[in-house]
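Here it is, the structure, as structure tokens.
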Amino acid sequence: MATVQVGEAEKVYIMHGVRDDLRVDGRGCEDYRHMEIETDVVSNTDGSAKVSLGQTDILVGIKAEIGKPKPMVPDEGYLEFFVDCSANATPEFEGRGGEELGVELSNNLYKVFNNKHSLDLRSLCICPGEHCWVLYVDVLLLQCDGNLFDAMSIAIKAALFNTRIPKVHISEDEEGGKEIELSDDPYDCMRLNVENVPCIVTLCKIGHRHVVDATLLEKACSVASLLISVTHKGTVTCVRKLGGGSLDPDSIFEMTETGKRVGKMVHAPLMELLQKEESLGRERTKVGFLA
Amino acid sequence: MPVDNKRVRGPEISQSPLLFLPPDSQISKVSSSSGRQGARGNGDIRPLFARCGLVSQAKGSAYLEAGNTKIICSVYGPRETERKDETDMKSGRLVCDFRLAPFSCPKRGAWIQNAEERDLSTALAESLQPGACLHRYPRAQVDVNVVVLENDGSALAHAVTCASMALADAGIEMYDTVLGCALRQDEERCLVDPDLAEERAESSAENQGRVVVALLPNLNQISGLQADGEMREDSLTAAVRTCVEGCHRLYPVVQQAILRAVKKKAAPPPEK
Amino acid sequence: MAAGFKTAEPLEYHRSFLKESCRPDGRDLGEFRPTTLNIGSISTADGSALVKIGNTTVVCGIKAELAMPTVDAPDKGYIVPNVDLPPLCSSRFRPGPPGEQAQAASQFLADIIDDSNIIKKEDLCIEKSKLCWVLYCDIMCLDYDGNLLDACIITLLAALKNAQLPTVTINKEKDLPEVDTQHKRHLHINKHPVSSSFAVFDDEVIIVDPTTEEESLATALITAVTDEDDQLCAFHKPGGSSLSAEKLHDCISRAVTRNREINKLIDKVTKSIKSSK
């Protein structure tokens, strides 16, 4: 993971601040940094979104392709995640340096989405056992300043919301052979229901307290963090302890409680924002990458 | 797919016979009415068999059997670290390699380590790390190799226990043993130490999931926590509590096994 | 003192024992280490066996899958043996793709299976040019203390004997196979090859069943495989010091007696499992 070196005195300073609910950048323990979201930023994908959270910058592109359903679940489509750690984000990612982190991040994404209600995978089925939509979710890290998971999950949710899958019609000829026909009308497309897509909240244990949305600096002061993915209803779909330290059972309970509360609060404004952006339609001025 | 020419290859495509079973004999759901196998209560762990020091070539090793789940672990080192680029050389590294034998699951697995195994390796390392005094081994690495010979559920949890026994057997300095316990939540039912059928059973319940906890029993610290599925926060907390209890229940067996190995090693040389 | 001698001058240390016609672990030159066998202990495999020769521990699990036969041999199934030496079994092996030794062992087993016809591959055919069984024989070493090949062959043979395949019929309507796990059958074992490995010290002394240390000090290694009819199936001597025909003959006759012992052991363990059921 991208890391920074922190001196002992600076650590103590950060930890004392956290103890008094005042962080280096002026936030409280449960506050997120300023967040910017823009969808439909890459025109050659079926859905995309760019999220910047403080100095962390993430781009997500989704491509829908027709594939074969997995033999165990013939009536469902599936998602594939790939996280690319660009060397632009940090020199550490140069060459194969980012590979390990990328695999770790994508593995966790699989876990977060590995349940029945996050996304209706049945709606991705075209013809049971033969054809289904495969959504390739490609995450690109453009800049890392901590809290990659939270930013990633929000970007994925926004990109899924933005995704438009062309409608297909299956026609059968006389001999029973099936043929897939793609709709000619580019506006005749299917949208995904992203209501249940979870958001990840990562809590970093610093001293005796925990903080939301830790920067790299703050992360360096913490030995263990807890990743919690929460749906808008407050259902927890995934929990992972990350890092080499251990946690007190009581603080785990406190952290899951906070995680659920914070996670639930993220969803409503996010959906509102996404809907608002869409209602602007084509009039919207695109900000792009230079914002 | 790259061709694996370092192994004897079979046909390009082969399918497990399990895919062609008559539809009615498919794996059943977690039925709430029927009890667990072997008249086990929902909160009971399976009888545990644990031994240290079986692999003659290793610095330390352990074998663990819980029901049909069979896990073997060996520890090598501390030896010189292979990775020189690490910035933090002040403390040692714990390198974990978690493998499922190809014949360990109902469906045959590949020899090449897949993403799931790599994921489990990381989870194992993060669970063990808080238990080991790694600062005592600067510039060194300790290798922990785990092979699951038969997976009948709760593999990660038992792998954690087994690995910490092997670390102790290898004489690696530790703050505490690390114990693992798994749980399957299905609506209001909590099944501790689930077997594979319980672990993988399909469930349409709103509140269901899988939890794995790694615990340092004496320090009362949780060193590993994984939960998947869809759980309410209150049942998640309850599940973690139940897992902690489960860990404490297997502690005596683990202690005994380690003690036995120590006694064997410390036995005075026979008089001549 | 003895320990120091062993580390400083391992070869001299061994020589001093061999002079007295015995070995550091107390064995005679022609003595195998105690061999124990455990059959059918892995229930997720269709057949399994665990063999211990002294410290060396090897486990074999057989998984059967369905596939199409090749065009060249439409009435034959496949047997795919693979040996893995994971980093678990010794510090000399690293994680990653199989090393030379593992590859050589896999190929050796594949050759023995093909040449000596342990199982007639025709028996694995379900329907000609349509469907056949693939037996994946995955062998894993858990503790490496020399004489890998002997252990691998014993575990392979025992696991094959233990293996049971479900009955498969082809549904003519759907053209799909149907599997019945209620009715299982054992495989017919056509031949029972067993190997014996030897190490040559100082170009002349031959010892049986070498440990890792003996293997590394030896000037040549020999493996002889014979079947139950006292026929030689395979003979493996990858380079090393030359030996007289007479000495090789001794090795083969030792292998013949070893074959009897091992097959007796396999039968005994198989029977004890059946009676305990």
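First chain written, first letter: the chains are A, B and C, and each begins at residue 1.
One rule holds for everything that comes next: contacts are C-beta pairs under 8 Å (C-beta built on N, C-alpha and C of every residue); 3 or more make two chains touch, one makes a residue touch a chain.
The chain lineup, named per UniProt: A = Exosome component 7; B = Exosome complex component MTR3; C = Exosome complex component RRP43.
The model shown is predicted, which means the values in this text are computed figures rather than measured ones.
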| item | value |
| --- | --- |
| Chain separated most widely from chain A, comparing mean CA positions | C |
| Nearest-to-centre chain - CA centroid comparison | B |
| Pair of chains joined by the greatest number of C-beta pairs in contact | B-C |
| Whole-Å gap between the CA centroids of chain A and chain C | 50 |
| Length of the line joining the C-alpha centres of chain B and chain C, rounded to whole Å | 29 |
| Contacts with two or more other chains, residues of chain B listed in rising order | 15 |
| Of all residues in chain B, those that touch chain A in their complex | 15, 19, 87, 115, 118-119, 122-123, 126-127, 129-131, 204, 206-207, 209, 211, 216, 219-233, 236-237, 240-241, 244 |
| Residue ranges of chain A touching chain B (in the complex, touch as defined) | 3, 5, 71, 103-104, 107, 110-111, 114-117, 224, 226, 231, 234-249, 252-253, 256-257, 260 |
| Partner chain B, residues of chain C touching it in the complex | 41-45, 48, 55, 57, 59, 61-68, 70, 78, 80-82, 84, 86-91, 95, 97-98, 103, 106-107, 109-110, 134, 136, 138, 140, 142-145, 166, 168, 176-181, 212 |
| Chain C partner contacts - residues on chain B that touch it in the complex | 4, 6-11, 13-18, 20-22, 25, 54-58, 68, 70, 72-74, 76, 79, 97, 99, 101-106, 108, 111, 113, 143, 145-147, 149-152 |
